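Shared between the two complexes below is chain A, which has chain B as its partner in the first and chain C in the second.
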Partner chain A sequence: MTYWIDAVLQGVLVGGLYALFALGLSLMFGVMRLVNVAHGDMVILMAFIGYITTQTLGLDPFSAMVVVVPIAFVIGYALQRGVLNKTISKDPLRSLVVTFGISIFIQNLLLEYFSADSRAIYSGGIEAQSIQLTDGLAAGLLPVIILATAVILTFLLQWLFGATRIGRAFRATSDDHDAAALMGVNNAHVYAIATAIAIGILGVAGIYHGMRTTFTPTDGPVQLIYAFEAVIIGGMGSFWGTLAGGMLLGIAQSIGARWDPGWGVLVGHVMFVAVLMFKPNGFFPKTR
Partner chain B sequence: MSVLLSTHKLKAFYGDFQALFGIDFEIHTHEIVAIIGANGAGKSTFLKALTGLLQVDKESVFYKGENLGGCRPHEIVSNGIAMVPEGRRLFPSLSVAENLKMGQFTGREGRWTLKQIYALFPILEEKQDMPATSLSGGQQQMVSIGRALMSNPELLICDEISLGLAPIVIKEIYAALGKITQEGLTAIIVEQDVGTAKRVSQRLYCLQEGRVSLQGNSDEVTHDEIAHAYFGD
Partner chain C sequence: MNSYSANSTASMLSSSTDTFEVQRSTKAGMITLIISIVLLGLSISMPFWAGSSYLRLFTELACYMAMAQMWNLLGGYGGLVSIGQQAFIGIGGYSLFVWANFVGVDPFTSVALGGIIAALFAVPISQLVFRLPGGAFAIGTWAIAEVLRLVVANTYVLGGGSGASLTALRGIDRATRESVTFWIAVAAAFGSVLLVYMLLRSRFGLALTAIRDSEVASRSQGIDVKKIKFLVYVISSFGFGIAGALYFLANIRISPDAAFGISWSPLIIFMVIIGGAGTIEGPLIGAILFFVLSKIFEDYGTWYLASLGLLAVIVTIWFPKGLWGLVVDHFDLRLFPVQRRLRMPENK
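Take a look at the complex of A and B:
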């Protein structure tokens, strides 16, 4: 029994990281119906920026976030204002094609500078520490920190959306961008803020990813799939749904891996397909 | 009275299609001007040009001593031109109070605050936490007018605010609008109902196929003139 409880626990913990990947995707889709195909590659890009920061400045990974998150924020803002705003239209194909191109660009840029060698962000031993819960049940300290970060960021995003001026502008422009413009909302700027926040979160997620596991320049698309699945499983339009979606995906993978070590990722995908078939709007949809 | 806004040979296009062919229009401070015309005459296009939703030549719109043509909508509303759009265009994800607060996005100060809007339309205070689009049509129109007023405009543009509402509700809405404009707000009213348009305005313009076919004082233009201006020969 403990064996399966442990599987669920580990699944929930890894789900925290998936949720961190997925929150920004959910935000960008929610505000401007834009699907960022390069989202996974940006996770890896941030992991590399985090790697350089820890190496050159000699910072521990958590201090490095203070440097990387603002960089990610600026990259997000510039990317939206300079490129993605021009792709937003009724036709979703344009933004899909452009972000797909950005995905390839980031992968090749990273390959050019870092080669295909795998790297990791050294986290000073924290990745080996664990919290003993009961006899035979333990949680890794780093995964617990990651999950706590995901919960806090989900809460903050939900608060930002629900209770602030910029959050109202996000929802208003998502409903009707012309009417929002008539209220004085500069849509180009509001969209750029949304992407800046989305990529800013990846500043945290990328470093956590690099602390948890090794990474190479071409790892992005896999992270994108996990993020995508978390958003769909959770349901569009709700950040708590996205967090839950990440956890459900993690649990499915973890249970699958206990059943057969080679099947973990596959069981996650199977669960995703089952959700698409039987509950295509996800578990906690808010979008009409 | 000084001219608040004027247009000069205003032309507007949707791609290759020309919708307006040189509109000359002016409105003075504290004036209410009605724009009438058949469907497709260019009324909505004209308002889109004024509010920046449709890009026009810089020199063709003149407002308070500045050329406003070609400005973005958010810049225009910051300058004090607010719009009550056709079909209300409330934000379905936002509550009544949140919709009204969106009107304050520009941060323009003035007499209109949430409290003042609730004093004008008491029913909205009762329903402030409900989703805006769950209200009745008349109440939604109140939200839309209140939202526009929240930006403390100098010029209020109302696009077909009586569309789809019951006659008694239309009366109520226009009574409120009368109260607002008596306090010195300038307004452009686009209205399908010629009788209402004549009653609430001092001057009126009639558009036909993208051109001004008639203009004059509202109490002087005759029924025949309007009929002629509406449909042409």
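Take a look at the complex of A and C:
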């Protein structure tokens, strides 16, 4: 019994990381109906930037975030303002192809500079510490920190969306961008802020990912799929839903992996397919 | 002003109906037809005079042409931007191996069965992915391809993660195998173009282009948008199944990563986008261009792919009609006339 409780616990903890990947995807889709195919590759890009920062500046990973997050924020803003804003239309073809192009570009550039070797961000021993809950039930310290970060960021995003000026602009432009523009909202800027926040979160997520496991330049697409599945399982338009979706995906994968190591990821996918089949709006869709 | 122009149009329509005509063919179209017939004859005779390395190369090119054409039907005309059509490449490929190796069907006939099986799979898969809006549909199709890849990789009889060889080809001599494979490839390449051309010139094509231009307006004209999109998805998947089966017939070996891998998608999508989406000529040009480029830059793997990614971004933003669009803008050339154009007489 403890064995399966442990599986659920570890799943929830992994889910924290998936939620961190997924929050930005959810935000961008919510505000401008844009699906960023390069989202997973940006997780890996941030992991590499974090890796360089810790190596060259000799920072510990948490201090590195202070450097990486602003870089990620600026990349996000510039990307939206310079490129993605030109692709926004009702037809998803252009934004999908452009972000797909960026995805291939990032992957191959990383491959060129860093080769296909796997790397990890050294986290100073924190990855080995754990919190003993009961006999035979322990939670790693790092996964707990990641999950806590995910919860805090979800809360902050929900607050930003619901209670601030920029959040009001997000909601307005999401509902009707023409009307929002008439009311004095600068859509180009609002979109760029949304993407900057989305990629900024990846500055944190990428470093956590690099601390938890090893990564290679071609790991991006898998992270995108996990993030996407978390968004769909949770239900679009709700950040708490996305957090829950990440956890549910993590639990499914963790239980699947205990059952047969080769089936872990597949059971996660099966859960996604089942949600599409029986609850196409996800578990916690936005209620208007 | 408004009433005046409305009146004049009405009087023109009522006075004589022979003052304008709907043009459905072009001179360039006639020339295309003649050139196509010559090319078809030349292609069919190729196994009798060309070396086997050329046959292999052209078989590969034909696969790309068929896939690009089928993706364009789906994404360019149907507005269904999928980055998971490798699901059907894989289904076509693996069903070839199952029919030929296990059931004992002739491997060449099995290619056609690959298409049918892919179309059958497309029916339930469409019911899932069609629930996702716009851009999410794209990632959804990809997730489904991943599910299939993992299922096949975990299925022992299909060879698991390391894949399988087409043992059914034993006993067929090499010259026959290469020639027949090549002929199937010729049929796939020409067939895919002909299929899209015929589809677009039919009532179905009219509905499809109407949906592309405005979904709401076409619904108001009584077009069953859902049904048309469903049919496009199934037809495209059928084409991908054939092309996938053909590719792995030429390759003789298959593995889950090669069959269901994501690397297919950027290749095919960039072909269509850079050639020109929403035209028949575009994917053809894109496929030939990519094929030539990939042979030239084979040794520059990562740089080549990174440049392709960048090129796709640049073309999409600044040249959204692709290479063929540039040609059309300058020369008003239409090799495959699928549109209905109103021609007014040259009187006052």
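The definition used in the following text is that the second predicted complex is superposed on the first by the 286 of 288 C-alpha atoms of A that agree within 3 Å, B and C clash if a C-alpha of one lies under 4 Å from a C-alpha of the other, contacts with A are read in each partner's own complex, and residues count from 1 in each chain.
Everything that follows uses one rule, which is that contacts are C-beta pairs under 8 Å (C-beta built on N, C-alpha and C of every residue); 3 or more make two chains touch, one makes a residue touch a chain.
Predicted model, so just to flag it, every value in this text is computed and none were measured.
Aligning the two structures on chain A places chain B and chain C side by side, free of any clash. Residue contacts after overlaying the shared chain place A:86 against chain C, while chain B stays out of touching range. Between chain B and chain C, the partner in contact with more residues of chain A is C. With chain A as the common frame, chain A serves as the apex of an angle whose CA-centre rays point to chain B and chain C; its value is 80 degrees, to a multiple of 10. Once the two complexes are overlaid on the shared chain, A:229 sits against chain C while remaining clear of chain B. In the overlay built on the shared chain, the residue A:195 is in contact with neither chain B nor chain C. Of the two partner chains, chain B is the only one that A:176 touches; chain C does not reach it.
Contacts of A:123 after superposition: neither chain B nor chain C is touched. Within the superposed three-chain model, A:10 lies out of touch with both chain B and chain C [touch as defined at top].
Once both structures are fitted on chain A, no C-alpha atom of chain B lies closer than 5 Å to one of chain C. Contact residues of chain C toward chain A in the complex are 75-76, 79, 81, 83, 128-129, 131-140, 142-144, 146-147, 150-151, 153-154, 262, 265-266, 269-270, 273, 277, 301-303, 305-306, 308-313, 316-317, 320. Only residues 51-53, 72-74, 77-78, 82-83, 85, 89-94, 98, 101-103, 105-106, 147, 151 of chain B touch chain A when the two sit together in their complex.
If you check the complex, the residues on chain A that touch chain C are 29, 33-35, 37, 83, 86-87, 91-98, 100-109, 111-112, 221, 224-225, 228-229, 232, 236, 262-263, 265-266, 269-270, 272-273, 276-277, 280. In the complex of the two chains, the chain A residues touching chain B come out as 165, 168-169, 171-172, 174-176, 178-187, 288.
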